[in-house]
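Written below as structure tokens is the structure these notes are about.
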């Protein structure tokens, strides 16, 4: 178990049919950073975090979370997916969704109780949604939905947080609120990895950044690595892998 | 003396009603998960896929023992869902095509087995009839016991694995990241759905069993925003449809039980979709109409207020003036009537309208009528 | 319907080549269904065929109540109309936003079917409106119901009816090929271009209903579903273009019809059931063995890719350490495993394969050296 490196990725290659979506990615994410993953559409950003989470099977490579394989470390990793992955017309309320973050810890059959309820309320407090605890989830705005997903992750009491485009389609106030939570997570010594789509806010929100376009372009502290030259290389529309194949589209991911 | 016997004196009818009610209850409860996962037609596929299983079970055991046939049906149905999942996971075919293939091909294979085994087309038809349309009228107490036992097991499973099934239905991917074996949970849920369906095949038949999986759940969804309440309601609706349909078909002439049960369930769906509070269509329409009326009266009141402010002298104004301000599409007299009944406006001896003190307060208070839009809409 | 029964009836008639006629009908039915089915599958409306195949019973019943003649062609019109009505009702329910599309389909068809069965039981019990026939069909009877004009025997009636339906399908698809293609893959664009996808949709569903009704006579409603979905789905796994998919569907449908017929004839089982099963077998074959999409091909590709990527990574690793001081150890075959975190056996195999591919050569000391070809491959792979 390593304390200083949150995620270690070696030679990660993920293929979709004949084309690599991620090719030979070597990435070391130090513990305690708030890191953005940026890159053009089809760069493999979502694929990268899904691979870390074991949701995708790589063609090659190895991933360690705090020094051990992800399988052994699930309790340490919390996932905040894109909002669109779920049907929000499901009959349930906000508190219930947040409590789902404790299902893994409870294990089979055991029910949620007062303890889980209190933990959920505390998480909702953190994202400023505690007044909405009884609200039906279909009545939530985009920003509110995002905060509910964040609360669900907070309840897991993890050390590493992986988020997929949390600021997509969210109002400015919510965005600020979420960033504040992420920063406080970092202050507490956790590692936060965010797939981010808006380049202009990277220097403001994050201290570490990974530039990705099928291959790893570069990764490191924002001040050092987030340069015009590197961005040009990342977004330059270069064709990945065997020369003549077009980049993989977002839908195929 | 059995109290039920007082309500339904006819023994056979009692048995059928009980069996059908139990059936509806179980199918309703489990159907909630299928409907929420957008797998409503999985029930249809399972029902059809069960045929080869029934025939093989009969072939291998030579007996028309209901439990054995149910087992055969369950295995075939289960296999069918497995094939659907495999097709969806490993090819680019969409789910509906996969369901259609399994539904028809399994059924066709069952047909081949049936005719090959029976060799006598008339016998084949007779056996098929009961499978397709059910033979509820000849249900025995033993059948009811089988239905109740297996059904209870399925319901118990839902209670025990409640949070697992809920998570599977809502966000399986997230569940996987928590280390929960979502695929196994999926298989578990599907297994109990298969059980819920095959116990009903001999009663309501293939075509109609899928209705019992969908209708109670669809109806229940209209009444509540909580999954637990939805499942309970769906079970209730299913039971009502089952018992009601059975009794109705018993009372009337030439009303086959299966279809009557299905139509009873349909009635429940239509009533729910129309009249349920908050989600119901009628409710919705009433709400919207009320809102529109509110907007109208607010607008007329605002007009009265504006007139009062601009014409310090003449306080009361004729209806036509107000009508001109609002445009011909608004029913101004009616709005004025409402305002008058609420004390916000009044009429003087000459028939002119003016705004009252209370009306003025209403305009000026925050959140009141004056804070809508002005002329226009 | 089985061979033994057909033969029994044949004994009373003197028709020639009964097998030929049945096969002809079977192929025509299968092909007509497959053509409609291609667009059902692509438009994700496969289960509409299931729904329509059940609701047409109501159409037939209502039409029967109007004309009181079981052999009237008006029945077919009634059935076809219910097909459109089904689509319309499902759409209506869906638009209330209270029900999902799949639930709407399930509710509509079971409700209409139930009404039909009840009507039959109550009011038409005396007339033999055979629900079994609707659901299961009697294809082997086809040769015995002949079309006679002026006393001239023109062949099985079903053949003429389905031939007409087939013609309709071919005509419709040929006429509206571009529009069908566009509205299937990009309905937004189709609407923007000015022609109504909605109108086309209803016209198409009318065609599907007519096809389904015509086919019921031969193979029954449930198996119409199989013929409409399975051959196009099989073709979907094999084809890369719409044209290809249509052609393949036709070929596969015909094959299923013939294979099914002969199996049923030899084993003396249900012809319709056999045709369906044959379609299923062909689907299974494509599912497993299709060139790029088949399971076997996919597994093979995955395995091949794993080794391919490993070889390239090896080449890249060699490239990185070629001119460094530590190259003697870094590029030594025994240490590679440690650096790349490969176990010894895996590493050995990758090295061997890379050597065979001409990417590197082994020196006597055990150090690996990139060849020009290997250097080229590594540099290219690193090009992003």
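Per-chain residue numbering starts at 1, and chain names A, B and C are given in the order in which the chains are listed.
Criterion: a residue touches a chain if its C-beta (ideal position, glycine included) is under 8 Å from a C-beta of that chain, and two chains touch if they have at least 3 such contacts.
For clarity, every value in this text was computed on a predicted model and none was experimentally measured.
Engineer: Measuring centre to centre, with centres taken as mean CA positions, what chain is farthest from subunit C?
Structural biologist: Checked the centroid distances; the maximum from subunit C is A.
Engineer: Could you let me know which interface, A-B or B-C, is made of more C-beta pairs in contact?
Structural biologist: Contact tally favours B-C.
Engineer: Roughly how far is subunit A from subunit C, centre to centre by C-alpha average, rounded to an integer in Å?
Structural biologist: That gives a centre separation of 38 Å.
Engineer: Would you kindly tell me how far, in whole Å, the mean C-alpha position of subunit C lies from that of subunit B?
Structural biologist: 31
Engineer: What is the distance, in whole Å, between the centres of subunit A and subunit B, each centre taken as the mean of its C-alpha atoms?
Structural biologist: For subunit A versus subunit B, the centre distance works out to 36 Å.
Engineer: Do you know which subunit B residues sit against two or more other chains?
Structural biologist: 221
Engineer: Which positions in subunit C are in touch with at least two other chains?
Structural biologist: Subunit C, residues with two or more chain partners: not present.
Engineer: Which residues belonging to subunit A are in contact with no fewer than two other chains?
Structural biologist: Answer for subunit A, listing residues that touch two or more other chains: there are none.
Engineer: Contact residues on subunit A for subunit B in the complex?
Structural biologist: 53-55, 74-75, 77, 79, 81, 85-87, 90-93, 97, 100-101, 103-104, 106, 108-109, 111-112, 136, 138, 152, 156
Engineer: Would you pull the subunit C residues touching subunit B in the complex into a rising list?
Structural biologist: Checking each residue of subunit C against subunit B gives 1-2, 4-5, 41, 44-47, 49-50, 54, 96, 98-100, 102-103, 105-107, 110-111, 113-115, 117-118, 121-122, 125, 131-132, 135-136, 222-223, 225-226, 228-230, 233, 236-237, 264, 267-270, 272-277, 279-280, 283, 287, 293, 295, 298.
Engineer: Under the definition above, what is the set of subunit C residues touching subunit A in their complex?
Structural biologist: Subunit C reaches subunit A through residues 292, 301-302, 305-306, 309-310, 313, 316, 340-341, 380-384.
Engineer: Considering only the defined contacts, which subunit A positions touch subunit C in the complex?
Structural biologist: Listed in rising order, the residues are 10-11, 13, 15, 17-18, 20, 23-24, 59-60, 62, 213-215, 217, 238-243.
Engineer: In the complex, go through subunit B and note every residue touching subunit A.
Structural biologist: 36, 160-164, 166-167, 169-171, 173-180, 221, 224-227, 229-230
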